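Shared chain: chain A. Partners: chain B in the first complex, chain C in the second.
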Partner chain A sequence: MSKIAVILFPGINCENETARAIESVGMKADIVRWNDTRNLDSYDGYVLPGGWSYEDRIRAGVIAAKDPVMNIIKEEAEKGKVVMGICNGCQIIVESGIIPGLQDKVQMALAPNKNPFVSGFYCTWIKIKNFSKKKNAFNLKLNEGEVMNVPIAHGEGRFATKDETLVRYLLANDQLLFRYCDETGNIADKFPANPNGSLINIAGIVNKKGNVLAMMPHPERAAWMRQVPGMHSNGESAGPGRKIFESIREYLK
Partner chain B sequence: MSAVELFVGLKIPDTTAITTFHTIEKMGYKIGKVKREMYYKFEIDGDAEKFSKKIGKVDVLVNANKNKFSHVLEKDADAVYVLVSDTDDKCEGLMHVLKERLELKEITSMEKGVLWALYIDAADKEKIAKEIASKLLHNENYQEIKIV
Partner chain C sequence: MGDVDIEKVQITSMSDPDIQQFIKKNSLALKVSECREIVKLIGRDPTLTEIHMFNIEWSEHCSYKSSKETLKLLPTSGPTVIMGPKEDSGIIKFAKVDGEQYGIVISHESHNHPSQVVPYEGAATGIGGNVRDVLCMGARVIACADPLRFGDPNGTKKNYVKYVANSVVEGIACYGNPLGIPVIAGDVYFNESFNDNCLVNVVTLGIIKENEIFHSAAPENSDGYDIVIVGKATDNSGFGGAAFASLILDESEEEYNKGAVQVPDPFLKNVLIRATEAVFKEAKEKKIVLGFKDMGAGGIMCATSELCDAGGFGADIDIDNIHISMKNLPPYIIACGETQERFTWISPSSFTPTILKIYNEEFELPNVAEGAQATVIGKVTKSTGYILKHEGKVICNVPVNMLTGGIRYKRDKKEMKRNFKEPNLKEPSDYNSIALKVLNNPNVASKAMIYKHYDTEVQGLAVIRPGEADAGIQAPIPGNKAGVALSVDHNPRYSRINPYLGGVAAVAEAMRNVAAVGAIPYGMTDCLNFGNPEVPEAFNDFVESVKGIADAANKLCWKGDGKSPVAFVSGNVSFYNESIAGKQIDPSPVIACMGYMEDYTKAVTMKIKEKNSSLFLAGERKDELGGSVYYELHKENGLNVPKIEFEKEKNTIYAVIDCIDNGLFLSCHDISDGGLLTTVSEMILGGEADGKIGAEVSLDFSGLRNDKILFSESSGFVFEVNDKNIENVNNIFERHGVKIVKIGKTVENKSLIVQKGSDVLVKLEIDELKKAWTTGVARAMR
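== the complex of A and B ==
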């Protein structure tokens, strides 16, 4: 059975639901504190869950990104182990430079949302599309172009970069795994399909090798149908977000 | 047209500045102290003195229970002041609140940012401050810095 460490920084608050989603697909999840790095290299993968690490002081994710535990996670990612950052975990991974990871520097940011109606924190259900034509550790169980219903809950979720050539690289390398879309899967660059003004509707990016993912939406909050609006009658059956965790399990087999 | 600046700090302990200080130390820099203030600059069409008196009482910006404010930056000689602001932030939401709800109609435009004071005891303190800013205090992909 694959073993996943769910990294708990001070201020993280989604560790339990993330661990439950991991265990729902038959992997073992341990919640590991950021300052307990003994045996951290014994895990097959690492998930950085959502929350408010260090209270988002300075800006979301940046202080956790400077923590020594991130050096270990970076080394393990380079060995090919799976690393996924969700929401605040996504912000941490991007601020650490692991994603997009094409140069040894921070190439992107999760900037404050741009939303015509709501300033700051925005929480809703949105649609994302599996945009990658390549298979990676996170879409093995997803069909190409599959649209998923998942929630977002963030104030700083707008992928941004000042490097105008970077997006072309990411598209060419098939690193834009998830993009915000409308009900029909159309990548409409307008609210509400693009809920935060993210650059070309980016919702999740993988590294070049496809073993690290940074995504702003919360798949662990859509792991059971009872969590999905209007689908409560299907109760305990698998929700759309679970396919990402199933993909990780298949990748690690 | 005239401009009014507003520097808003905390009179209670600033936990963000404390965490920032410890993070900078962990990154290997020798630093004496970190202070932080919110910075606002208002372009106004009216009397600057009257506006200055009003804006310091706006509790959206200055909560008298925890904040202190001034209209002039009182610099310490041993600190480097780094202003971090978002490149595409036109403060539309805040300006709407100030103009429409609080009736400060004289505002024509505004800027905001975070002003960091980094106390560095070194000859090349400005260079070190810029390095710390680029690694920690700002993300160049959506923010810019100015040494004040």
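== the complex of A and C ==
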């Protein structure tokens, strides 16, 4: 059975449901404190869950990205182990430069939402599309172009970059795994399909090798049908977000 | 009586005017007679620290000195109660899983005055205190709800009202979201009575196993146990603003203004919660019994004295051991200040190192927030004296039960003259425009703009979230289908006109809302927000309101046995809510009702699900538009507020629950603010306002004038039934002795059509309904 470490930085608040979602697909999940790194390299993968690591001081994810534990995670990612950051975990991974990871520096940031309806923190259900044509550790169980119903909950979720050429590379490398779309799967650039004004509707980016993912939406909050609005009569059966965790399990087999 | 080592305040030899001057100089809330009472009670003149302690313990907030007698009217026990109102939170029975009884811990608090003065911090610290109340029972905190009342957004004070409203919402979001506690319910009203005094109430839920409750008491045989405090370093924040302003301190002027406002730190609180859960786990594994309590009003003094007194012990505390973040604080500020994010443990000395290690090393509190830590500050003692030492001297030495015993007042009451009467309005000629105005009224319109600021999904336990239905539902035991439902309710305009009926209606609506999703009402809490209890008319409004909620709780019984009351397990009283000119707010007994659902998959939302299904009404339309939105549009109050017929109401609630349990409803929505037309419109729209199925309704079932049928807020439900289930639904309602009537059907057309005979009164497209309903709150807040 694959073993995943769920990293608990001070201020993280999604560790329990993230661990449950990992265990729901038959992997083992341990919640590991940021300052307890004794056996961290013994895990097969690492998930950085959502929250407010280090109070989001300066900018979301910046401080945690500099935490010593991230050096270990970087090394393990280079070895090909699976690393996934969700929401604040996404911000941490992007601030550490692992994503998009085309150069050895921070190339992107998660900027404050642009949203005509609610300013600041915004929590709602949206649609994302499996946009990547290549298979990677996170979409093995997804069909090409599959549209998923998942929630977002963030104030700084707008993928942004100063590097105008970067998007071209990301598209060419098939690194734009998840993009916000409307009900029918169109990558519509306007609110509400694009809930935060993210650059070309980016919701999640993988590294070139396809073993690291940074995504703003929360698949662990859509891992049971019970959690999906209007679908609770389906009870504890698998929700759309679970496929991402199933993909990780298959990849690690 | 024990003595002290320092100078005392010579109350005995002071004249009344001298005492009055002393009270003013020290910004005390005590009265002259109460200062003399202290001397009589402890048998000597008190020290300044002791006076400050009694000042807090005898405050309305701590002692319930005006309200205690009246609160006895409320039912507080019954078969669904695990623990009634005696500790920081109450506990209601929940599911039994694998032989283990679970309980829902619930607490309800207000933070009204701080939120009016500094709305962002006030609202944030309001949540903070309420969450601590639930956590300290040993529970996992799983949900919050926020009943909010703001002033008139179009009135004379609209700019400040909007500022307060937006800042309160932001404060709740910026505190609750980082903590990781989902918001699952809430309500919002705007009216001019809250112009100078907003209401910010908070309800928090937690889940716990019945045999794993931590009590707010020093355990048996705990003589010699350590008193450990944990959390933020103590400073001067939250020590009565005026008191602080009258002191001469070395600190800079910037500190001078912090005064009574507590300073929220959700980041530290997040880590504290996780570390505390680690202590719970360790203590359970090692079978160590600990005492645990939140530090709220009265800070260290209240928490430690109440813990020790509850166990029949005393305390010996050295103030110099308390970790502080400001120099030269007088000892009574250290003892009584209300610095946020702190708790107290009573621990055997063998277990204390474990507690210190978890907080200080594993979760690195000192690195998380400057000066934060866990520290031993004293011992539990066999003698029942409450002793505080400072610089080697005893500065307080009073019997602990005298300190916590409080005082009582019997307040005068007198019925307020109310001159409300029914208006004489002409029947409108254009129902379309009235319908849209009602939907656009901020007290009716969609609150999405507010609750989308809140994290409704964190913890992954959501089943039904705000806006989707009349109550929110969480599934708090992962893997199990047990659901906990929550609704918070009260209509201030009803209570303005008739406090008794307003109280009754609040309880009935809270129960209807819980029933409308299919859950059985199991328990309640109240937050009683009123004016000045020293004014006989205001106190009478309080008493009448409590009578109303008590009657409703007793008569709308628990469905489990059909006779026990739905008990109040915790609550809060907030007096002195009034305008600058001294006019009281609308009497506001805000009710939270918790419901239990064995199988959440059976829950229904309000959104219409199918074309060509039937719409039914339970609950006769009556000429009860007093306090209605319709009258508000005409700038009228009216007189006839909805009256609840207890037996009928109870039976209707039971029948609705039975129908949902049998899977017979496609959707269900209670009738409240705005009346029948609003209910049907909201069913068409759904919480996300993305509904695509319309409805045709006929008013031929009633002989009332059309505007009264459409806008009366008489209690009731509308529900959607597939035609194949109509007979079963009829049978269930008949069994409960309740008449229902078919009022229309759902249609493929994307419109709402209302007819009387062959006259079309309302014909509106869904897009028109949507625009009115989704823009009302933005109009009020922006």
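Just so it is clear, the second predicted complex is superposed on the first by the 253 of 253 C-alpha atoms of A that agree within 3 Å, B and C clash if a C-alpha of one lies under 4 Å from a C-alpha of the other, contacts with A are read in each partner's own complex, and residues count from 1 in each chain.
Throughout what follows, a residue touches a chain if its C-beta (ideal position, glycine included) is under 8 Å from a C-beta of that chain, and two chains touch if they have at least 3 such contacts.
The model shown is predicted, which means the values in this text are computed figures rather than measured ones.
Trainee: So, does A:P151 touch the first partner chain B, the second partner chain C, both, or neither?
Mentor: In the superposition, A:P151 touches chain C alone.
Trainee: Can A:N143 be said to touch chain B (first), chain C (second), both, or neither?
Mentor: A:N143: touches no partner chain.
Trainee: Thinking of the overlay built on chain A, is A:E55 touched by chain B (first), by chain C (second), by both, or by neither?
Mentor: both
Trainee: With both complexes overlaid on chain A, does A:R221 touch chain B (first), chain C (second), both or neither?
Mentor: In the superposition, A:R221 touches chain C alone.
Trainee: Just chain B (first), just chain C (second), both, or neither: which does A:T165 touch?
Mentor: Neither partner.
Trainee: Which partner does A:S42 reach: the first (chain B), the second (chain C), both, or neither?
Mentor: In the superposition, A:S42 contacts neither chain B nor chain C.
Trainee: In this superposed model, does chain C or chain B come into contact with more residues of chain A?
Mentor: The partner that reaches more residues of chain A in the superposed model: C.
Trainee: Given the touch rule stated above, what does A:T184 touch, chain B (first), chain C (second), both, or neither?
Mentor: neither
Trainee: Of the two partner chains, chain B (first) and chain C (second), which one does A:C123 touch, if any: first, second, both, or neither?
Mentor: second
Trainee: Determine, under the contact definition given at the top, whether A:Q107 touches first (chain B), second (chain C), both, or neither.
Mentor: first
Trainee: Based on the A-chain superposition described above, do chain B and chain C contact any of the same residues on chain A, and if so which?
Mentor: Residues 54-55, which sit in both footprints.
Trainee: Going by the contact rule at the top, pick out the chain A residues touching chain B in the complex.
Mentor: These residues of chain A touch chain B: 54-55, 57-59, 62-63, 66, 95, 106-109, 111-112, 119, 160-163.
Trainee: Can you tell me which positions in chain A touch chain C when the two form their complex?
Mentor: Residue positions touching the partner: 8, 10-14, 16-17, 20-21, 33, 35-36, 50-52, 54-55, 117-118, 120-124, 151, 153, 218, 220-221, 223-224, 226-227, 229-230, 232-236.
Trainee: Could you list, by residue number, the parts of chain C that touch chain A in their complex?
Mentor: For chain C paired with chain A, touching residues are 170, 173-174, 177-180, 266-267, 270-271, 274, 362-364, 368, 449, 452-465, 468, 473, 475, 478-479, 481, 600-603, 605, 607, 687-688.
Trainee: Within the complex, which stretch of chain B touches chain A?
Mentor: Listed in rising order, the residues of chain B that touch chain A are 15-16, 19-20, 23, 26-27, 86, 89, 93, 136-137, 139-143.
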